[in-house]
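One chain, chain A, appears in both complexes that follow, with chain B as partner in the first and chain C in the second.
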Partner chain A sequence: MEISEVLGQFVDISVIIGLFAGVAFGIIGGALPGISPSMTIALLLPVTLYLPTITAIATLMGSYQGAMFGGSVSAILINTPGTASAAATALDGYPMAQKGQAKRALQTALYSSCLGGLIGTIILLFSAQFLAKVALKFGPPEYFGLMLLSLTLIAGISGKSMLRGIISGGLGLLFATVGLDPIYGSTRFTFGNINLYDGINTLSVFIGVFALSEIMIQLSLGRVELDKKPKVANSNTNRLKLKEFLSQKTNILFSAVIGSLIGILPGIGGSTASFMAYIASQKRSKKSEEYGTGIIEGVAAAEAANNAVCGGALVPMLTLGIPGDVVTAILVGALISHGIKPGPLLFVEEIGSVYTVYISLFLAVIVLSVVGTFGIPVFSKVVTIRKSILLPLVFIICIIGTYASKSNYFDVFVMLFMGCVGFALRKNGFPIPPLVIAFVIGRSLESNLRRSLILDSSGALIFFSRPLSAVLIIAAIVSTIFMVRSNRRHKRKKEA
Partner chain B sequence: MKSEQQNIISGGIIALISIIVYFIIIPMEVKLKPDAKVGPEFFPKLAVFTIGVMALIYVIIQVRNLRAAQVSFKDGLMFNVKEYTAHIIFIAMTVLFLILTRYLGFAISAVLFLISLLFFFGSKGALKNIIIAVLYGITVYYVFSNVLKVRFPPGILGI
Partner chain C sequence: MKKRSVLLPVILSVVLMFTLTACSSTDDQQPSAGTEAESELKYPEKPIELVVGYSAGGGTYLAAELLTPNAAEYLGQPINIVCKPGAGGSVGATYAAKSKPDGYTLLYATLSLPTSLYTTDVEYVQDDFIGIARCSDIAAVIAVKSDAPYDTAEEMAAWAKENPGKLTWGFPGVGSSLHLTGANAMNAMGITDYVTEVPFDGTTESVASVLGGHTSAVSCFPTSISEQHKAGEIKIIGVQAKERLEDYPDTPTFLEQGFDAALTSWRGIFAPKDIPKEIIDYLDEAFAELIASDEYYQRAMELGEGRAYLNASEFTNFYNEQCEAVEEVVQSLGLAIE
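On to the complex of A and B.
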């Protein structure tokens, strides 16, 4: 089947409705903390089983792209990442909203998501089979190298003190070790509680350290201050200008490439991709010191990367039939139920189905830009609500969102604990991003490190006996040295 | 010099916790595999060791800064526990709410909790607060339970 024939099938009202409905449902699901993209797609799945194949795929791809953007809405407006992938967006998005630039932040997130999504789709289109072969060469040492590289980048986002950043990162790593040991399955820090066997719920950590700690910081302002009407910035500073957005093209392109490449690697996911893109963007930028204070560069990098993950994640799914994460596992199920079997033969026997996925993903991005553009003025009204009303409403969402992810009140107590930890750290000047990044990659870092050491009798030499892992580890060492030196230089400049 | 004092206290607490975790909690809470090449305790020990060493270095730097400013703890502790009263009450209210949900169910306790939070955060107008709490609480409960199919344990009224 030719691509033009497949394209013709998309000129159908049911497909267009499916795309719009999927994107809208995805944005709502993604924006609600506790409802992950995988949960959003899983909720849509039963409906799509009754739809024609093309409409079903279009609806699912629409909800996938929508959910990846939706997470940024709550991250920007209320510092509560709706999805794990949107945690990096909150770093600059929320400070922008605090400055009265919520609309500008949301517009940056939307259009960066769309561009990131498009770049991810293009990468998928042209390099799917080649990239899948490269991804297969990644063993535990290579994964460890990649994780180590991400971890060393923590130094770059440690704010004023690298020591505080390392302590914060260490805490993240420690929290990641709670639960069953990834190699032997023995219990660690579970205190006899079965709820901790699976580790600390990621959402409890994100919502706790970002949203709850923020609510507690705001609470310090006092009741009178909280009941004041919020200042709203004038429409000029609260609107993204085309020139301003175009200045982000290189940032978006780089971040989207990072997102796609990370997306291809099974098991890593959007949150690592967006943090890596955020840090890489900070390192490249001339305004690196302003990251975290509310600048569009940070939002653009994180959002471009997390939507580009969608295209990347589909590479191993379509070419090898290997779902790299929960979302693609659900998508595999959906495709199989429509008679499409992902795997190497798909490209030979059913190239039309491959085109259907590509075109759906591409159109989903376009529909996302339309739905998002109309939605932003509505979403941005949230910041005009008095904090004395908004904070309690947000807190209820935090509780219900944390509970919803596993239907377990224990996770809500963990969220409370993490909120107190986040509050104590922030009050004492410890940065939160290193903790979150280390927590996200901690488990994978540990299991790949130990697997590598167990695999080879030469011990740590295994990391340097494989070219790819050696390159990644050397890059991690070099980047650490550069960052320590640049931090010292900044400190000396300030003291002078 | 409040910040240096605060930094020494926070760094000291982190260092102390690291020592407790390394020497007491890890041996108690991490089941060891004696024949393992790289056992389950390896990574937690590595993380705690890093935190502890960094925290000690941090404390030493802060003590030096405090000395450079010629201030000591004898001049008085510039730390006020009263600053955190609101936070303690807030957490206590939340814990009480979570306990209440088991008996009253999520919907009813959420509405009651929301009313008390609105007052606690300084929102004026009793009627306004009650209307917001009822409408919001019920809407959120309906969306999560009926649309998103999240199951909440039922309370005395079955919701």
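On to the complex of A and C.
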């Protein structure tokens, strides 16, 4: 089938309705904490089985892109990442909302998401088969190298004190060790509770340390402050100017490339991708010290990356038949039930179906920009609510969200505990982002380290006898040295 | 207006939460009970909760989901799937074991249920569950990259013995069904001491690792590699089943090749032990019809689940046999807890 023929099939009212409905449903699911993108799509799946193939694919791709953006809405407005991959968005998005620039933050998130999604799709379009081959080159040692490199970058977002950053990151790694040992299966720090066997629920950590600790800090401001009418910046500073957005183009491009490349690697996921893009963006930036205080650079990097993950994650799914994450696993199921079998033969036998997926993804991005543009004025009304009313509601959302993610009350208690941990750390000047990133990376870092050591009896040599992993690990070492040196220089400057 | 914009997400999340957790507490209207004789079974009067110990969207969830579209037709009430993921299904099984044995809470479990009895410090015991219906029976395979220097189980075993420690095989998660089936195959081939086990975080990673040449073999279900197999990237060493698979008529089983490995992974419906006999009979009959229906079969085929129905008493016996078989494998793997 020619691409023009496929394109023709999209000129159909049911396809367009499917796209809009999918995007809207995705945004809502993404924005609700506890409803992950995979759950959103799982909820849609039974409906799409009854739709014509093209409408079904369009609806699913729409909800995939919508959910990736939707998570940022609650991350920005109430510091509660709606999805795990929006956690990095909260780092700068929420401070922007605090400054009265909620609308500006949302607009940055939306248009960066769209551009990121577009770039991810283009990468998928032109190099899917090639990239899939590269992804297969990634064995356990390479994964370990990549994780190690991102871990060393944490130092960059430690704020003023590197020591405090390291302590916070160490705590994150410690939390990541809870659960079954990935290689021997023995229990660690589970206290005999089977709810901890799979480790601490990621969403409980995110919602606890971001949202709940924020509520506690706000409460400590006192009643008068909470009853005040919130300030909203005048419409001039609360609007994203075109010029401003265009100044982000390299930032967005880089972040989207990082996002889609990480997306290609099976099993890493959106939250790691957006954190990596965030850190990398900060490293490159001239005003790296302002990251975390509420600047559009941070929001743009995180959001461009997590929407670019969509295109990336489809690479191994379409070309190898290997879904990189839960969402693509569900998509495989959906495609198969419509008679499309993702795998190496798809590109040979059914190139028309491949085009269908690409075009759906493109259109989904366009529809997302439309739906988002109309949605933002509505969403941003949230910040005009007095805190004495908003905070209790946020607290309820925190509880419902963590419960809904696994229908388990235990996760709610973990979230409450994590909230207290986050509060104690923030009150004592420890930064939160290193903890969260170390927690996200920790498990995969450990399991890949140990898996590599099993694979080769020569021990640690395996990391250096393979070119890809050697490059990654040397990069990690070099970046650590640089970081320590620049940190010292800063200190000396201050002392002088 | 101001309030509504916040309330809306709250209300929506509550609504969505309830659709997801599918709370069974909503009392449905009583059927005209007055005229019924006392001895008649007043069941089911409200939706039945089917607990799945895995995440929404995963393989087990999708298989359980096959039961729902026609449930009301055969059972008289709809089935609500409740996902309680964690600890290889044990979180959901614990919840089901502790639930009221009134027939409104059932468990959808896999080979991991007997496994958890021996590998995990769980609060339930073997006899806490009664089988209601086996829904599927899936054969696992051992697959290798197509350029591997062996084609059959015998050749693979010989190669492993010549190159001790060189043959690495992956599977998703310690103590998972695929770990057990894979270890069972290695054991049958007599090469357990010559191969290296590599636990991965998921099926995807373990298959990708074979394709990338990082590990030599993988224990997986045929659906995970069907397209790779068709494209000639991967070859199957042996199927763990009593008979050859419909989709792979040319691939021999381990039994045919002279190795005693036929441990399959299965999925089925369980009830907590104290459930009344009448309710078991009712469910037994209803699920027999549901699973025999054409609609169910069609949906199941799309998902790669063949016919594997066993009725309540057959399935309970099967479950008890599996407990014994699994215990043996778990002991030989050194995974058993004291």
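Quick notes on this structure:
Methods note: the second predicted complex is superposed on the first by the 493 of 496 C-alpha atoms of A that agree within 3 Å, B and C clash if a C-alpha of one lies under 4 Å from a C-alpha of the other, contacts with A are read in each partner's own complex, and residues count from 1 in each chain.
Note that in this section a residue touches a chain if its C-beta (ideal position, glycine included) is under 8 Å from a C-beta of that chain, and two chains touch if they have at least 3 such contacts.
Here the structure is a predicted model, which is why all the values come from computation and not from measurement.
In the superposition on chain A, A:Leu19 contacts neither chain B nor chain C. When the two structures are aligned on the shared chain, A:Ile166 is found in touch with chain B, with no touch to chain C. When chain B and chain C are set side by side, the one touching more residues of chain A is C. Once the two complexes are overlaid on the shared chain, A:Gly139 sits against chain C while remaining clear of chain B.
With both structures placed on the common chain, the touch criterion links A:Ile123 to neither chain B nor chain C. Once the two complexes are laid over each other on the shared chain, residue contacts for A:Leu91 go to neither chain B nor chain C.
Once the two complexes are laid over each other on the shared chain, residue contacts for A:Met216 go to chain B alone; chain C is not touched.
Legend: residue contacts after superposition of the two complexes on their common chain; A:Asn195 is shown touching chain C, with no touch to chain B. Of the two partner chains placed around the shared chain by superposition, chain B and chain C are both touched by A:Ile400.
After overlaying the two complexes on the shared chain, residue contacts for A:Ile389 are found with chain B and with chain C alike. Within chain A, the residues touching chain B in one complex and chain C in the other are 29, 32, 34-35, 39, 43, 181, 183-184, 187, 389, 393, 396-397, 400, 403-404, 407, 454. On the side of chain A, the complex with chain B involves touching residues 29, 32, 34-35, 39, 43, 161, 163-164, 166-167, 170-171, 173-174, 177, 181, 183-184, 186-191, 216, 219-220, 222-224, 226-227, 386-389, 391-393, 395-397, 399-400, 403-404, 407, 409, 412-413, 416, 420, 423-424, 428-430, 446, 449-450, 453-454.
Those residues of chain A whose C-beta lies close enough to touch chain C in the complex are 28-29, 31-35, 38-39, 41-43, 45-46, 74, 135-140, 180-185, 187, 192, 194-195, 197-198, 266-267, 316, 320-324, 326-327, 329-330, 333, 336-337, 341-346, 378-379, 381-382, 384-385, 389-390, 393, 396-397, 400-401, 403-404, 406-408, 443-444, 447, 451, 454-455, 457.
Residue ranges on chain C touching chain A, taken from their complex, read 1-3, 5-7, 9-10, 12-14, 16-17, 19-21, 55-58, 61-62, 65, 69, 82-88, 90-91, 94, 119-123, 165, 168, 174-175, 196-202, 204-205, 207-209, 211-215, 225-228, 230-231, 233, 302-303, 335.
Contact residues of chain B toward chain A in the complex are 3, 6-7, 10, 14, 21, 25, 29-33, 36-40, 42-44, 47-48, 50-51, 54-55, 57-58, 61, 83, 86-87, 90-91, 94-95, 97-98, 101-102, 106, 110, 113-114, 117-118, 120-124, 132, 136-137, 140-141, 144, 148-152.
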